[in-house]
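Each structure below is given as structure tokens.
Okay, so chain A shows up in both of these, paired with chain B first and chain C after.
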Partner chain A sequence: MGSGDKWVDRNSGPVVRPYALTGGRTEPADGEVLDLITVIVAARTAGEIDDAIRLSPEHRKILGLCRRQVTLADVASDMALPVGVVRVLLADLIQEGRITVVPRRAGGQQPSTDLLKEVLHGLHAL
Partner chain B sequence: MGLSSPAGPERPYAARHSIRFRFGTMVIVPTACLVVLWGVLVTFGTGLDDHMSSLTHQQLAEMSVLVGGGLVVVIAGVILMGSFARRLSRDIGDLGAMAQHLADEQLPQAVERLRRGEEVALPDARPLQPRTRSKELGQAAAAIANLQHTTLAAAAGEARVRNGLRQVFISLARRNQSLLERQLRLIDALEQKASDPAALADLFSLDHLTTRMRRHAESLTILSGAAPGRSWSEPIPVIDVIRGAMAEVEDYKRVTVLTRAEDAVAGPAVADMIHLLAELIENAALFSPSDTRVEVRAERVANGFAIEIDDRGLGIGPEQLNDINQQLADPPDFDLANADRLGLFVGGKLAARHSVRISLRPSPYGGTSAVVLMPASIVVPAAEAGAAPPPAAQPGNAETGPLDLRSADRLALTGHRPPQPPVTAPPPRQAPPDGPVRNSQPSAGTYRGLPRRTRQASLSPHFKDSPAAAGRPPGAGSLPSSEHTPEQARDLAAALQSGWRRGRQAEPADAQPAASIWPAVGQDSGPPQSEE
Partner chain C sequence: MGSTLSDGGADGPLTAFKIVIAGGFGAGKTTLVSAISEVRPLNTEEALSSASVSFDDLSGVGSKTTTTVAMDFGRITMGARLVLYLFGTPGQERFWFMWDELCFGALGAVILADTRRLDDCFPSVDYFEKRQLPFIVAINCFDDAPHYDPADVRIALDLDPRVPAVLCDARQAGSVKQVLITLVEHILSSRSSGGSEPWPTQAATGSRL
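Then we have the complex of A and B:
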């Protein structure tokens, strides 16, 4: 047997397969598929995370990450989990009111094409 | 192969007599007959008187000599026969004892050792030399020795076949496992990319199937006496071990894990414990209705750490329960004929490896409850486990380390940006000569190979760390950017130091300190811990 027959630490992959983290669910509990750049933050009222038995370690970790506003993409990257899994876990927390989605700015304030072009030129000029 | 047991009728041992007894009767019966005859002669001798008187004195003397001589010869014969009988009896007794010893102790021990895979020196063809002078007994001894030799040779042959078979099993299982691990890595990568819930659901099914296939491949290696193959060097939290086991079970959605424990399982035992728990959870799920739950609880106890698996099935009868407990406590040698209890056998074998105690008992819910008691030697208490890297469910954390919360703070300070990593952008023209240095940074990617974003890497220096450029979102600005928190100061110092070190390594001869400070400051957002 060569060393190729051993899978040590990272080579063994995650201890818990992603599907086990969500119990096989891929659809968010509230049915709303969050965008990658959705900004989320832990609800102010969430208080202490004492419900250790009901919340999985991943839920708790997400709550920890969301103490300040973060995007869904950042949470997924920090958790090193597939975005789909993080979406489902986040939806659980949102449903429980532990995390809220920060509303986006009104659509009317989107910059015009001219402005974007100008910025692009400026960037090229750098 | 296949041995047939002797079909002949049981030989009547009770009807047998010892050689000494037989010789005794052979000697005593004629002697007694002689004595009786003599007595008869003496008693009824009066009738012979006439006859006797007619004999001469000479004839009487001759007769007495003859009778005396006869008596001496008979007595000598008796003594000789007696001693011969004794010796023969002793020799045969020795031979019998030797054969008995061989059959009862030597052979079973040798076969047992062969079965365990140990080398056993085959004895010479004639190691038995009983102290006998008789040819027949010598032949019998040689025959027994031959028998021993042949039996051991057969057992050794069987052991070789077994061992060969074992190696074939291990080799096949390992190849299987190797392919499955590669498949899982591929699935990991696909899951990372999947954005559509339906696609992810398909991938999850694939993932689950592959994980279960891997478990069966591992079972085969364990049955063959080898380690499962996967291994961890760091302790893994118990809850992750349980959930890892749960993921390997077909009906994992029915399993609920209830624990507050933060203890961890020592790295070397993790793979075995995952497999052991998976077998028990599978058992629980298999023998309970599909609409009931299987609950797994875990808590620290005085003698180590206990994990309880409760099902709501019909339960097992007390006799069978006893039987199973016996099998779990002392796994017998693997019996290919008894393949329906494969899981229990694997569980027992793994438990024996780590001195884990498994006991099954009737559950209050009517089903069965399995309690796994792990010894303290393979459990790392929460306090010590806390010092280790956080849950390995996210192996990528090893790179970001305990910085997670702080990096979240920093992200909040700089506002939300698109997730595309700007490291791929071409470096600005007036960028300091740190490009190659930064690219050679070992932690430039995440665990799954994605490039890791370096904060402000593509900005020109005078924009860096400027709060105006960061565009803070409302509500996140509780920290004024002009102030430096202790964490930020430490990060900056760490980044400076690591930058110096890198600079010195890159240009050992003519590096100027001032030149290497810039790049270091420029990438203070890179995880400084990764340098350690």
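Then we have the complex of A and C:
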């Protein structure tokens, strides 16, 4: 492609290395690698204050963002943190039962034809 | 922020889809995504692959083994339950390792072609063919680029006759919308024609929770 030389690193990067926020952990605690569009939501039964002290500010911010259904990509973008870092932090919250993964409709890896038709209708309606 | 706790109940579960927007560096991927959706930045901190190490000058950075890849994505909300995400692929060859993640679970892909640099599309065509991910080619009509018939582009890229190739203006929401519609229709028609089409493991009875 020959375009590699056009790539310019605009950011010299954050002062604190991203994985410092995870205590150096680069793998999610449960070993589950969430897809970018995995939908997550804060567990509704979760207590608000009890363990707030144990949670890092980043954990708490994620919990706040997950009060409505969002995706991993949304959270990473809102947090302005690399996806890999957010994966690790999310896994902590999932393990603690503070956040749940919303199951995909229609099961399976690929969406059903009906769902595709819904997407098609949605596009037409834009 | 006013919707606290309401989404999970009345509106039912949110379903997210993604479409991958591929194409060479400068083909207009970000323009296309921003024409039809709110664009948001996304960073990944990725391990440097051995391929990328040869491209990156690592002298003086000691044990650096990761690199930050900055990307954009678009989010299109369709009613209360459906959200469509558009992910642009990083345009550089050395970021190939990102493609697997981006394409995992994707509905399909749009290869945005710049007729001045058609050969930039070859890696994308190869990749999606190998992955059996349904794709279409959208030829971005730059003002100063020669205008080709889509049929010629199809020949130049040696596309499977079933793969649609359409003209588009990546700056125009209406045009981009038509591109996405073409892709979803292509996915649907390749399903109904069955046989050797992609979707080898279409889960008719996917009982995974």
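Please note the rule applied: the second predicted complex is superposed on the first by the 88 of 126 C-alpha atoms of A that agree within 3 Å, B and C clash if a C-alpha of one lies under 4 Å from a C-alpha of the other, contacts with A are read in each partner's own complex, and residues count from 1 in each chain.
The definition used in the following text is that contacts are C-beta pairs under 8 Å (C-beta built on N, C-alpha and C of every residue); 3 or more make two chains touch, one makes a residue touch a chain.
Model, not experiment: these values are computed from the prediction.
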Just chain B (first), just chain C (second), both, or neither: which does A:Leu65 touch? first
For A:Leu36, decide between first (touching chain B), second (touching chain C), both and neither. both
Touched partner set for A:Gly23, first chain B, second chain C, both or neither: first
Where does A:Val119 make contact in the superposed view: on chain B (first), on chain C (second), on both, or on neither? second
Using the superposition on chain A described above, determine whether A:Val102 touches chain B (first), chain C (second), both, or neither. both
So, A:Leu55: does it touch chain B (first), chain C (second), both, or neither? neither
Quick check for you: in the superposed arrangement, does A:Ser77 touch first (chain B), second (chain C), both or neither? both
On chain A, positions contacted by chain B and by chain C: 1, 4, 6-7, 10-11, 13, 18-19, 36-37, 39, 41, 67-69, 71, 73-74, 77, 80-85, 102, 126
State the interface residues of chain C toward chain A in the complex, per the touch definition above. 3-8, 13-18, 24-26, 36, 40-46, 55, 68, 70, 73, 75-76, 78-79, 82-85, 87, 91-94, 101-102, 104-105, 107, 119-120, 123, 173, 177, 180-181, 184-185, 187-188, 191-192, 199, 201-209
Applying the document's contact rule, which stretches of chain B touch chain A when the two form their complex? 170-171, 174, 177-178, 181, 184-185, 188, 191-192, 194-198, 200-201, 204, 207-208, 211, 229-234, 236-237, 239-241, 243-244, 246-247, 252-253, 258-260, 270-271, 274, 390-398, 400, 404-405, 407-409, 411-412, 416-419, 428-429, 446-448, 450, 460, 473, 475-476
Which part of chain A faces chain B closely enough to touch in the complex? 1, 4-21, 23-24, 26-28, 33, 36-37, 39, 41, 52-53, 56-58, 61, 64-71, 73-74, 77-85, 87, 102, 126
For a test of understanding, state which residues of chain A touch chain C in their complex under the given definition. 1, 3-4, 6-7, 10-11, 13, 18-19, 35-39, 41, 44, 67-69, 71, 73-74, 76-77, 80-85, 102-111, 113, 115-120, 122-126
